[in-house]
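Right, one structure below, let's go through it.
Residue numbering begins at 1 within each chain, and the chains themselves are lettered A, B, C and D in the order written.
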Amino acid sequence: MTLVRKLYDWVEVRLGISEVIEKEMTGYLLPRTINNWYSLGSVLLFAFTLQVISGILLLIYYVPDADKAFKSVSVIMNEIPFGWLIRLCHAVGSNLMVATLFLHMFSVLFMGSYKKPRELQWVSGFTLLNLVMGISLTGYLLPWSQLSFWATTVATNSVGAIPVIGEYLVEFVRGGKLVGPPTLGRFFAVHVAVLPLVIAGLIGAHLFFLKRTGISAPPTRNDPATTTRQGSSYHYDKHEGGIPFFPNFFLHDMTSVSIYMACLLGVVFFSPYLFFTPDSFVPANPFQTPAHIKPEWYFLANYQILKIFPSEIIGLTVQGAGMTFIALLPFVDRGDGRYPLKRPLFMVCSLGGIAMFIALSIWGHLS
Amino acid sequence: MTLVRKLYDWVEVRLGISEVIEKEMTGYLLPRTINNWYSLGSVLLFAFTLQVISGILLLIYYVPDADKAFKSVSVIMNEIPFGWLIRLCHAVGSNLMVATLFLHMFSVLFMGSYKKPRELQWVSGFTLLNLVMGISLTGYLLPWSQLSFWATTVATNSVGAIPVIGEYLVEFVRGGKLVGPPTLGRFFAVHVAVLPLVIAGLIGAHLFFLKRTGISAPPTRNDPATTTRQGSSYHYDKHEGGIPFFPNFFLHDMTSVSIYMACLLGVVFFSPYLFFTPDSFVPANPFQTPAHIKPEWYFLANYQILKIFPSEIIGLTVQGAGMTFIALLPFVDRGDGRYPLKRPLFMVCSLGGIAMFIALSIWGHLS
Amino acid sequence: MIPVRISAPIRILATLLFSLAVSVATGHAQENSCVTCHGAMPGKYGAPVPLWKSSIHAENNVFCHECHGGDPKDLGNAMKPDRGFKGVPKETAIPETCGRCHVGVLKDFLGSAHGKRLGSGGPTCVTCHGNHAVKKASLEIINEKTCTKCHTYERARLMKQAMQETEGMITTLDARIESLKLQGKASETMEQGLFNARNRFHTLFHNVIAEKVRSESAAIKKDLGTIGAQIDAIEQAEQKRKMVGAAAIGGLLLAALLFRLLGKTYDN
Amino acid sequence: MIPVRISAPIRILATLLFSLAVSVATGHAQENSCVTCHGAMPGKYGAPVPLWKSSIHAENNVFCHECHGGDPKDLGNAMKPDRGFKGVPKETAIPETCGRCHVGVLKDFLGSAHGKRLGSGGPTCVTCHGNHAVKKASLEIINEKTCTKCHTYERARLMKQAMQETEGMITTLDARIESLKLQGKASETMEQGLFNARNRFHTLFHNVIAEKVRSESAAIKKDLGTIGAQIDAIEQAEQKRKMVGAAAIGGLLLAALLFRLLGKTYDN
């Protein structure tokens, strides 16, 4: 009986840890047909953790004050040992995380995993996507560069188009009539505390939903036309005879995480300025509007929608309607079938939607 | 069938929520003899939440920079609407939270609840006490007042007495030879991000241990001389026939939380400067050492121990030994009995220890 | 906070503070050859030393040579004229000697009825303030004994009365502001206001026109009243908070009671 | 960052930038009575207008009256002497006219062999720089055609050669620093160094002593070399990072492969 074994037994007597491990790890069974798209959730958990860790390290030297923010970021990039690495990982990581969230959503979309009984997973997941975009937006202001300042000015401006409360809302968000030092304080608190907590909480809920329902099996051409679960009683998808989460799928997860990390470092080391424009390295100047301020790539479609409509309020309404439609997709698309090739209308709409999103983004980038 | 009922049923089909509620709330039974000391855990959860919320609000206007920190705190106290309330709640709350932690620990001590199979609860709880003292210490520096500056200088100095690595450690903690701007950055990151995360994680572990073992019943004079659980197998303390956590004990918890909150507001409104000295309202000045810098009341015993021993290293060793003893108490005190009046040696040692702690604190305060 | 245009009193204050800081830092506070030699001498040559030691000058590290010249660091040549030694100033040179530091006061004094009689029977600085044992200036200096050395006390009494109340107000406000400050209240503007009012008040002391003293005192008291009102407002806000706080605490204790009672019903 | 002691070139630069900003802000860029009237005139009275419009002066909003005086805002009285109108400057007054703005250059020119012959056959500013169509100064101004108007080209060629390389270095370094800056690298000290070297270099242009040009150019090149070395160091560090990065990425991909293979064995 080794020391480790002794320790394990000691804990076992007190906590019944073997039962927990059985339930969450080795006895948590996944469908045999599970594919690598399913590991994107773990990749996202990893990506979020990486953002938290790099963010905490940045907190040591970053100063959330309009006079000092830009300089403090410059010090981090140039003087603090490995400051450049941590900052680039954080900035590039946020972009890759949003990209991975899109992939995660698309895979769920095409495998029809959002359907009953997993509506709540979809809604919480889509909310998470939006919150992550929000935490990226608030983080964008913090370096207090020309890009930060003007991108935030543009982004907060559009809020003003909301009828009645719009103007009040803009002032509340900015802490004043214009983007300025109070905006930085607000965005800082939201970026480092409010949104991380809300996102962590919602990740918890997302995983809780997942564990209570059981994971979905990938759809196949031979799926029965009706789901096995029509009734009004709760049922946990056990996937008997499936593969265990640990070690089998955990190793899949680790493969995907390693590849994600390789991509992240690829950008950090070989194209570190992919997500920066020259305006990112000029301190914010409220008296000088740069020529071409564009939001981050994942906001380009929204930006272009606002631009192509004659009035901002129409643009906002269209966006709101689109977002609501996506959020409520499981309640709209209630058919039983999940195999995409058997659902032509769904395929046309989804692919069309994605194509439109990409087209709008490119248009926004070029215009 | 009302709308709420419909919604509940909808969620029930998907998540089997009734099972969760049964397990965690109405079916989670506590011993009938449970007393109000048991609600201190909930009070502490509430206190921690309050610190997190008030802390996030303070983040909006606080600037963690040596040039701006003091002024920003002054602005919060004098200009921001309700800034004074939030800041006082945070500062007073930290003191009350430490006090409540002491009470929680004493109740566990005298009810012998730390004994097998709950050693891990004790160890995690004692670690939490130390972490909360740590988060208080790091928060103490942030206003960058004379008190902050010199108390931190004194506190970090004593680390230097550790042999071999002491000097290196002091420099690492301070980010330089002396307390200065880099120290503020470090303490800020630790205070707002590192320690809150670690504490939240450990609270999770503490609750997990609690839920796996089941809660202890208060000891009585008539307890059997041997515990019911001598074996080497895991057993959950069900307390069959006990009262449910919800709503019964939850209402006890709410009573205690209300009283805690009343105490907090009592200090905030009627003795707001109880935990401040005049030096708290003078900006930090590295060239002027104030006459009587004392640590917060909960560090006075440690401070006095360091002072009464001829060399700092002996003082630190004594403290370390004492702390280790308390941390490992369940492994030292392994007897079966839990009813304190039947354990004279234990009573003498505990009361003696507490009396010594209080005496040292008073001595430290007066000296 | 120091205003951009630095007035004479502030300059003096700054100089005092600086010299104080330097003296303390270099640690040679009371050691210099003047004190060493004269302290050991009997009679009139040694007498000034203990007097000086009890003075506000000694308290603020203003040394012998600062009035009498000479080089306190060089025992052998301390009193040589080529080291700037001046000895006892002539009566008519006294205001100028004191005025080297007390710039604003010199101007006020020379313009006053007192100053205009300098050399023709009028008082000099030391007539009222004494010389070596010079004390912190206060209203006590205006008293029957001193004033009646030259003229009747009547007008002086009127002036003193007019100023007494103001002096009291300043002292009280100073204490109140200090206590707010030690509670972390923003007191900069009030402190600045009081500082200005006190300076304005101090210029009155050497202006010996009763009517002007009365009218100026009234204006200063008005300013002080404004500051007092600001302090009152802060203290009233504090009182209001206490009332809201009491209500909140009452509510919480009531809630605690209700939770307890509700809990009881479930327990049974 | 502006150094504390502000040298003449910087002062001029600041003035230029300021007047530029003001002109742009007030939006009256090219409208004034000089241009309005003369632009419509034929022959020699109208000729300067298009020339000026193509000049660096027009580009930087330096208008007719700034050399010729007069009041461009008052059409009727624009050319009255009492409005400061000067007309065409006399030959000997030309350096002084240009030197009102180009202060440092005037000093250099007057001290040079060129300047010492002012009025006795030597060149003035406009001999080399032209008058109305004045272009941005560059090494191109030193050319056989211009110089041989007065003397042989031999020495001028030597000077040009000595300066050409420096000019190239400055241009290259400027571009390299700019590119570092757009990557967020700390470039302040290098920028400051280049700014100083460039100023020092510019003073050489009006000093027509071949030996001095050569020795000064060498010293400036040495300074530029130091800056170049700093940039090299940054770029090398970047290269080194890339290598470490490549290794890390390789390691991760290998790990991915191993995890995959291990996963396969469990799956089967």
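Please note the rule applied: a residue touches a chain if its C-beta (ideal position, glycine included) is under 8 Å from a C-beta of that chain, and two chains touch if they have at least 3 such contacts.
Source: prediction; values computed, not measured.
Steps from subunit B to subunit D, minimised over paths through touching chains, total 2.
Relative to subunit B, the most remote chain by averaged C-alpha coordinates is D. Look at where the CA atoms of subunit B average out and do the same for subunit C: the two points lie 49 Å apart.
Note: centroid distance subunit A to subunit B, computed from Cα atoms, is 34 Å. If you average the CA atoms of subunit A and of subunit C, the two centres end up 65 Å from each other. Across the assembly, subunit B contributes no residue in contact with two or more other chains. Across the whole structure, chains are in contact as follows: A-B, A-D, B-C.
By the touch criterion given at the top, residues 9, 11-20, 52, 55-57, 59-61, 63-65, 67-68, 116-120, 185-186, 188-189, 192-194, 197, 208-209, 212-213, 231-234, 236 of subunit B touch subunit A in their complex.
Considering their complex, residues 74, 77-79, 243, 247-248, 251-252, 254-256, 258-259, 261-262, 265-266, 268-270, 272-273, 276, 278, 280-281 of subunit A touch subunit D. On the side of subunit D, the complex with subunit A involves touching residues 181-186, 241-242, 244-246, 248-249, 252-253, 255-257, 259-260, 262-263, 266-267.
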